[in-house]
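Chain IDs A, B and C follow the sequence of writing; residue 1 opens each chain.
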Amino acid sequence: MKYQSQAVAKPYFIAAIGLFIGQILFGLIMGMQYVAGDFLFPEIPFNVARMVHTNLLIVWLLFGFMGAAYFLVPEESERELHSPLLAKILFWVFLVAGALTVLGYLLVPYARLAELTMNDLLPTMGREFLEQPTITKIGIVIVALGFVYNIGVTILAGRKTVVSLVLLTGLVGLAVLFLFSFYNPVNVVNDKFYWWWVVHLWVEGVWELILASILAFVLIKVTGVDREVIEKWMYVIIAMALISGLIGTGHHYFWIGAPEYWQWWGSIFSALEPIPFFMMTVFAFNMVNRRRREHPNKAAVLWALGTAVMAFLGAGVWGFLHTLAPVNYYTHGSQLTAAHGHMAFYGAYVMIVLTIISYSMPILRGQKAGSPRAQKVEIWSFWLMTLSMVFITLFLTGAGIQQILLQRYTDNPLPFMVVQDKIEMFYWMREGAGVVFLVGLILYVSAFFVKGGEREEITDSSGMASATSS
Amino acid sequence: MSEVFTKSMARNIYYGGSAFFILLFLALTFDTASEVPKRDNHEAITEQVALGKKVWEENNCIGCHTLLGEGAYFAPELGNVYTRFGESTEAIIGFIQSRPVEGIPGRRSMPQFNLSDEELQAIAQFLKYVNGINTSGWPPNIQG
Amino acid sequence: METVANPPAATGRQDLPGDFAIWIFIFAELLVFGIFFLAYAFARAGNVELFNEYQQYLDRETGAINTLLLITSSFFVVRAVNAIKRNAVASCVRWLGFAVLSGAVFAGLKLTEFAARHADGITLSTNTFYMFYLSLTFFHFMHVLMGMVILTAVAVKAHRGDYSAANHTGVETGASYWHMVDLVWIVLFPLVYVMH
């Protein structure tokens, strides 16, 4: 660790992994409910499990992004974090608010939660991914502002690198776009139109800036390739991401009452959305092949490459599969959408957070890299989680295609529930793959506790060469 | 190779390109704002529909169902349920009311939300309003 | 024609003029326009009568003038590149100025065209033909504005003495972008305004 204050990243990463486990457990509950409809009913109805599953995902990714920022910004800015204390306070505020919200979902009926949190004053609840009580949303805004302030002051006062400035842009964008979650008109078309300004412009906009800057940071560290080269390509990739992704929002505007020209604009620009992901894959492999050093943290390198590949497959390929309006007419809101959502979120955002955790956690614990045995376990967890996610995606794709053929693309469409029974086999296989994913995750966590093998011990901030050369 | 590829040019493209497409996106949004009223069935929005949307949200219906294809994929699409239920708000109300508290053994079942008569009327009117939005012909058929 | 005045330093260079980054951008832009043109062709094939009918109402004279304006401005830009390769900074700035001026006239004419359509109550939602016509021309119009901004920035930098015969990549970069804008119009104009 080069700077003492980087240590505040550690609790963020630990919380992120803890919530990740919770997310997967609820994913398994939902997967079970897909095949045994009365599982845990009425104690945990599907909608509650799903809310917990998706909200935990968002919250732990945000924890991961914040941890990543606290770790890499001091190093990039070459100075201590503006206020480690503020970072610690915000950590507890965010964790407690998140935990209370999830408990609220689980312990009281949602309508009662709305009543308790006075949703009537400013109704924002009950929209997909934005189910949090209004007061939680306000809390998120406050935490985000404090966080962006802390990071922003550090960046602006220190060395300004492309990595840190792009990260800052992404974080500011994240905070600003979240404000649209407070806009909830009765008019459903407008509601949906601007809801996407949070959801799409997050995941296919500003989050990609965060993703790119974390990936660039890790690649600079593990490959030793000239920063200039990496930053140059990073600019080109995020430029392409925004060029395609901004108008690409239009692929969500086909069937929600927005004007029909979005079918053209959305199709044309979202057809380009795989390009930046493809460039990212080529770029990551190129940099690793041109590496000037053999970094001892092999696992982190694997995660970084995995991010690039899986983001391309999940966001790029699976996104493109159903993004053109004539195709989307049949696939919209089917299990195919779920297939894409799973692999894209895992490939792009879960994996980038695991990449930075994999790279930084050993350093935060005073080593340059985990022991070879620990890394071996971690690499096993990489393949288990990644391959099981590939299979989850394939099974959901199978389910989606059959659903579309029976319910949509046919002269004799069957009712939704009838079709669900007919595609049950895919859901069983999906659940099986989900269990393997959980095994992978358990292995991942256990890798942190594996002892033995030789370690490259490094000393904290005393300026020993091995510590600072990373 | 004498090729030039500078970071400052890459940066200019990032900033210039982003600004360009943000402006374009805002221009299209501006046009959309003026077109939406021709398609959004806003004439049907009443106090009751507004209450219906609140009932819809405060019971997290989107956590299982889709509405115009967006939401969860666990339960049927409801953007066209008014049509599917024979253009009868009474049928919608009857369905919601009849959900068993303990569910159906082995099967998916909608929870019993214990809605008041006013809320039931409102949610049905809300679904009727959504049914009237011009969605460019989606869903492909009545099954949603 | 730019290789003619090329300084001898380059060893039979075949690489693209200007900064490579702009070429990534240019390829991306050409790809977008290319897909847009394909979509146009696809939509037209399904609605030939509609497209032919509404095409008549377009202002072809102004379109032709605009085509000449852009081709001329591309010529000015070529002159600017040649000038800087001779170290003739003042001449380079002047030619760039002419190019921006032509671009401005193009933009002005385009605006009057848009205003006329707007006065007729034509929008993106009127019909598929107008959707494509307005989308393509407006998207291109924004590129003209972008190109003017780029050429102006290049001219200002040239005026400040940032470019010379030895260091003229910046001018070539701006020129490459402007030629792309011109090229797209040369395809767009016959495709949307003329071809039946």
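Assume contacts are C-beta pairs under 8 Å (C-beta built on N, C-alpha and C of every residue); 3 or more make two chains touch, one makes a residue touch a chain.
From a predicted model like this one, the values you see are computed outputs, not experimental measurements.
Ranked by separation of Cα centres from chain A, the top chain is C. In this structure, the chain pairs A-C and A-B differ in their number of contacting C-beta pairs, and the larger number is found at A-B. Taking each chain's centre as the mean of its C-alpha atoms, chain A lies 39 Å from chain C. Chain geometry summary: the mean Cα position of chain A and that of chain B are 24 Å apart. Taken residue by residue, chain B touches two or more other chains at 5-6, 10, 13, 17, 20, 24, 31, 35, whereas all remaining positions touch fewer. Shared contact sites, meaning residues of chain C that touch two or more other chains, fall at 21, 24-25, 124-125. Residues of chain A in contact with two or more other chains: 232, 235-236, 239, 243, 259-260, 265. Residues 21, 24-25, 28, 31-32, 35-36, 39, 43, 124-125, 131-132, 135 of chain C are the ones that touch chain A when the two sit in their complex. Within the complex, the chain B residues that touch chain A are 5-7, 10-11, 13-14, 17-18, 20-22, 24-25, 28, 31-32, 35-36, 39-42, 45, 49-50, 53-54, 56-64, 66-77, 101-109, 111-113, 129-130, 133-144.
Residue ranges of chain C in contact with chain B, taken from their complex: 9-11, 13, 15-16, 18-22, 24-25, 123-125, 138-139, 142, 146, 149-150, 169, 173. By the touch criterion stated above, chain A contacts chain B in their complex at residues 30, 33-34, 36-38, 41-42, 45-48, 50-51, 110-111, 114-115, 119, 123, 125-128, 131, 162, 184, 186-190, 192-193, 228, 231-233, 235-236, 238-239, 242-243, 246-247, 249-250, 252-260, 262-263, 265, 329-330, 332-335, 337-338, 407-409, 413-417, 420. Residues 1-6, 9-10, 12-13, 16-17, 20, 23-24, 27, 31, 34-35, 38 of chain B are the ones touching chain C in the complex.
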